[in-house]
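Both complexes below contain chain A, partnered by chain B and then by chain C.
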Partner chain A sequence: MEIKTNDYRVWVDGSTIHYEGTMRLSSPEDYAPIQALMKQVLEANEGRIDLDLMGLEFLNSSGINLFAKFTIEVRNRGGVGLGVCGTARIPWHAKSLPNLKKLFPALDLQIL
Partner chain B sequence: MPVPHPLKQRLRLKTFRGKFILTVGTVVLISMLVSTALALRNAKLLASDATAEIQKGLTRASQEYLTNYIQTTALRVDAVINETHAEVITLAATMQDLIDRPQIANALGSALAGGAQPSTPLQYDPVGKWAQNAKGAPSVLSVWGYLLGSNKKPRPDVNRLIRETAVFDLVSRSLMTGGARKLQFYYVGPKDRPIMRTTPYADQAQTYDKLYPGHNAANFWDFFFPGVYEGWQAWLRDISLMPVKDSYITTTKPYVDATTAALIVSYFYPLWTKDRSNVAGMTAVDITLDQLAEIVQSVKVADTGFAFLAMENGNVLAVRPEGEAVLGLVTANAASGRGVTGVDRTLTKSGQAEIRSLDIPTDDRTRIMRVNLLRNGVSAPYIVTLQRLNKRNLWNGKVIVGSQLVLGFVVPESEIYAAMTAAQASVDRSLQRILQSAAITGILTLLVLLIVIVAISKPISAGLQELAAAARRLKDKDYSVRIAAPSDDEVGEVGIAFNRMAADISYHTENLEQRVKDRTRELAAASQEIFLLNERLKQENLRLGSELDVARRMQKMVLPKSSELEAVQRLDIATFMEPAEEVGGDYYDVLQNGGNVKVGIGDVTGHGLESGVLMLMVQSVARALEEQGESDPVLFLSVLNRVIYKNIVRTESDKYLTLAFVDFREDGEVILSGQHEEVLIVRNGGAVERIDTGDLGFPVGLEPDISSFVATRSLRLAGGDVLILHTDGITEAENPLGELYGIERLCESAARYANDSAELIKTGIIADLMTYIANQKIHDDITLVVVKQR
Partner chain C sequence: MKASFGTQRPDLTAPGHWSSRLVLHGSLPVVWAHCGATAELLGELYSGQAVRAGKDANEAHHGINYLTNELLENAVKFRHATADSIELDASFTDGVFEIRVRNHAAEGVAVRFGQLLEQLTASDPNELLLERIEANAVGASPSASGLGILTLMSDYGAEFTWQFEQPDAAAPVMIQTHASLRL
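== the complex of A and B ==
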């Protein structure tokens, strides 16, 4: 499973979803295919899902909204672990990822 | 362009048919050349194999032949020599018998002397000072001067010996008449009485006087055969000194015979005293070399092959004159003087280099070797065969040694391989014939094939030629041209396609006018359609535009007016908002209620009307709460979140916003609450403080209750301090290279203008930002609120 454009690339490797590039889609509707892909991974995995954001250089507020909504969905489902991996090098990671932890305290957040 | 003549066109190499003929012809020619070359090569290989086989067989056969021949000849030479030996042995046996029985010798001698003898009386020669019987006798008897008494007659003991050996004349004469061919028999007495008898009669002493002056003064044995007598005496003492066991025969080297002046070889046979204690003279036979050579010369190998007989040291005893020339032999007579004069004609002094270095065999095996000899200045190969004969006793002029003669055959190799050369020539002629017939067959085949190729190329190329002709006519605008009955191959398919295309071209050309009319009509209809669509689109845009216009006006209406900002006495406030699209998602407000001033800033996810409406809602609720007098920032935010969350759920929107407030209390305290971008403080003096608001709240509208996340932070501003709020549209703005503006640049920019009024600070920061962005697209709303403590 892979979504690829000139600006970004999203692909699944087992239960890990990797993000790479710059995501600057203008509305939540534009994020729908990525959301569908993430939901699909969520449906397919019982134990834990990991989001690898190390390569995601930029994400606009609609994109952050997507991750927030997904975190809430995982939290509400219960029984599924969620790991998020980011880097302190990228500004939006430090700024926005802690909010995901606030939404879902069991979330395994690693900002390297 | 002139149309080429059909025939010329057909035969030109540029045409398909020409290329076809050339290609097939070349392939055929190459394959024929290759197969012919292979066949010839095989034939040559076969011929050379056969030649090699023949040469091998011929070499083996000729070697066997030469070996057999030389061995047979060697046996013959040995046999002849043995035969000669037999006669001297017979003579010697008779003489020895008489020595062993002196009374018979005496009686026989007396009987012969008594008139029965055929001899003539001895006569003293006053010139030579020797005695010799007169002519007329079958044998000559010479008595040397030192054997004569003062009366010029033989001494008594000499006379007794003459009597006892008179039988020699009888026996030798009969032996001369039969058996092998020889020159003469002779007898020499013991060393104390060396009388000499020779058969047949010759002027013996006279010849000796002529050839060997002084011989009459010395002992015969010592003068003529020094070392022979002593050698035989040694044999008596020690039998192991005999070079050849069981054979007393002693051979001389070839020499010039004193009696006949012929080149001869002598065979001596010693006589012994009765008690075998001493030598008692000898009998001997001379054979001329010519006689020995007859045996050797009777050898004939091939046309000019010859034989030679040589001594161990290479001295050639017998060879035909032409053989002598081939071997390059040079005859050199040894210095004359005492004794017999030998002949020196050795291989080692040959004029032929390869003869000089010829390897004389040292055993009894037959040797066959190949040498190159010069004949008339040209080097030619010869086959030389060598075979050693039986061992003989040889007196070498000093002592008696063992010696073996060597028989040699010399044959020109060309004669031996004459048959093979003839066979090879025949094979070469056959090859020549094969080559000729192959060439003729090849040329004929090529001609036939060319005719066939030309013939079959015609139907193959006919279709293409027709196509080419048709295409030329089409080019000349004859659209009626068609290919008649195309064949059912690929060319036929092209023909059918050509016909179809020609028909199309014909149709299109002929109907062009009508088609232009039709198309113009179609275009006019389409144009009308587009015009109508365009009209509709305009109306739609107008509708959408007016909708957005309403939203934009709404948004602008709710933003604080500049008069409101100026009304705040203790703070110098300037604001900037630039939506990325028609209606932005950013929010800011400045609310004043009594002594408190509340500045809010937020960022709704997304843009457009929906985001704008959410912003309006936030503004309204915040205004309501402020008016209600809610002074607890945590409660303020929590309530606002609840209201917005519920409204979002109702409107089924999935948007939310970041939202932070700054309360400027009347007592000078400044309280930050809510999560948003960093808040910048530029102290009076230029120091910039960055305050992270991540822990002060939570996005609004995402969760029903965020009260547990909301916190406050208190600080104080001195006069001249500047507080700056912004949205991420500033920090995440990109330059043409795609690099983000970032918080550091914003800080630097703020510090640069911090001494100015809020308005100028705002203008400077925005100018720096716009310079950075240049012509790059603005992705997000840009909002900036500058508050300067007066």
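== the complex of A and C ==
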């Protein structure tokens, strides 16, 4: 599974979803294909899902909301682990990803 | 209509206070792309000044880029159908990046935005951000739930002042957003 544009790329490798590039989509509706891909991965995995954000340089607030909603969906489902990996090189990771852990304390957050 | 919200600021109209001025207009796809390009441009321009003031280049570039992009995206989303130009002024002084965005909105849009701002400025932004995210996830929050503004307040420490002015009842409402970000 892959979504690719001139600005960003999202692809799945096993139970890991990788993101790279710049996401400045204009509304939650524009993020719907990515949301659908994430949901497919959630439906297909009962153990743990990992979100690799190491290459995601920029994400606007609609995009941050996408990850927050997914985190809540995993939390509410129960029994599925969630890992999120970011990098200290990209400032928004350290600023905003900790909010995901506040929403779901069992989330495994790594800022490398 | 005349109203203001957020931290009240001294007069920012003094000559020379702003060092950049840009005007955006055009169709939605064009002006949306210009939001990102403008944010990148200001990030490059002012992070250079910030570095000369001893600030971290990467942090400064990202903070300016994120703040500018969010304010411009909001202005585009809620701009008036005919009075659709968006004006932007920016400056960097004493370690603080400031930006002022002006757009026009229909009266109903402005009233709803003002109600939202009353809520956003009356609570702790860290707590309200998580509350709004939870409400959004179950569809209990309107689409204009202020998550971008709350993220800027909570995660970036940005401070805001909004001023609304409507010269007469038939005219669109001018919304001026002033934000400051200590780098």
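Observations
Rule of thumb we're sticking to: the second predicted complex is superposed on the first by the 112 of 112 C-alpha atoms of A that agree within 3 Å, B and C clash if a C-alpha of one lies under 4 Å from a C-alpha of the other, contacts with A are read in each partner's own complex, and residues count from 1 in each chain.
Following the convention adopted for this analysis, contacts are C-beta pairs under 8 Å (C-beta built on N, C-alpha and C of every residue); 3 or more make two chains touch, one makes a residue touch a chain.
On a predicted model such as this, the values are computed, not experimentally measured, just so you know.
Partners chain B and chain C, brought together by superposition on chain A, clash. By the touch criterion stated above, A:72 is placed in contact with chain B and with chain C alike. Once the two complexes are laid over each other on the shared chain, residue contacts for A:24 go to chain B and to chain C alike.
Contacts of A:55 after superposition on the shared chain: neither chain B nor chain C is touched. Of the two partner chains placed by superposition, chain B and chain C are both touched by A:64.
In the superposition on chain A, A:14 contacts neither chain B nor chain C. By the touch criterion defined above, A:99 reaches both chain B and chain C.
In the superposition on chain A, contact of A:90 is made with chain C only, not with chain B.
Clashing C-alpha atoms with chain C appear in a single stretch of chain B, chosen from 27-35, 423-431 or 657-665: 657-665.
Within chain A, the residues touched by chain B in the first complex and by chain C in the second are 22, 24, 26-28, 58, 60-62, 64-65, 68-69, 72, 91, 95, 99, 102-103. Partner chain B is touched in their complex by these residues of chain A: 22, 24, 26-28, 58, 60-62, 64-65, 68-69, 72, 91, 95, 98-99, 102-103. By the touch criterion given at the top, residues 28, 32, 35-36, 58-59, 62-63, 65-66, 69-70, 73, 77, 129-130, 133-134, 136-137, 143, 147-148, 151, 154-156 of chain C touch chain A in their complex.
Of all residues in chain B, those touching chain A in their complex are 585, 603-608, 654-656, 658, 675, 677, 694, 698-699, 702-703, 709, 728, 731-732, 738, 740, 742-743, 779-780. If you check the complex, the residues on chain A that touch chain C are 22, 24, 26-28, 58, 60-62, 64-65, 68-69, 72-73, 89-92, 95-96, 99, 102-103.
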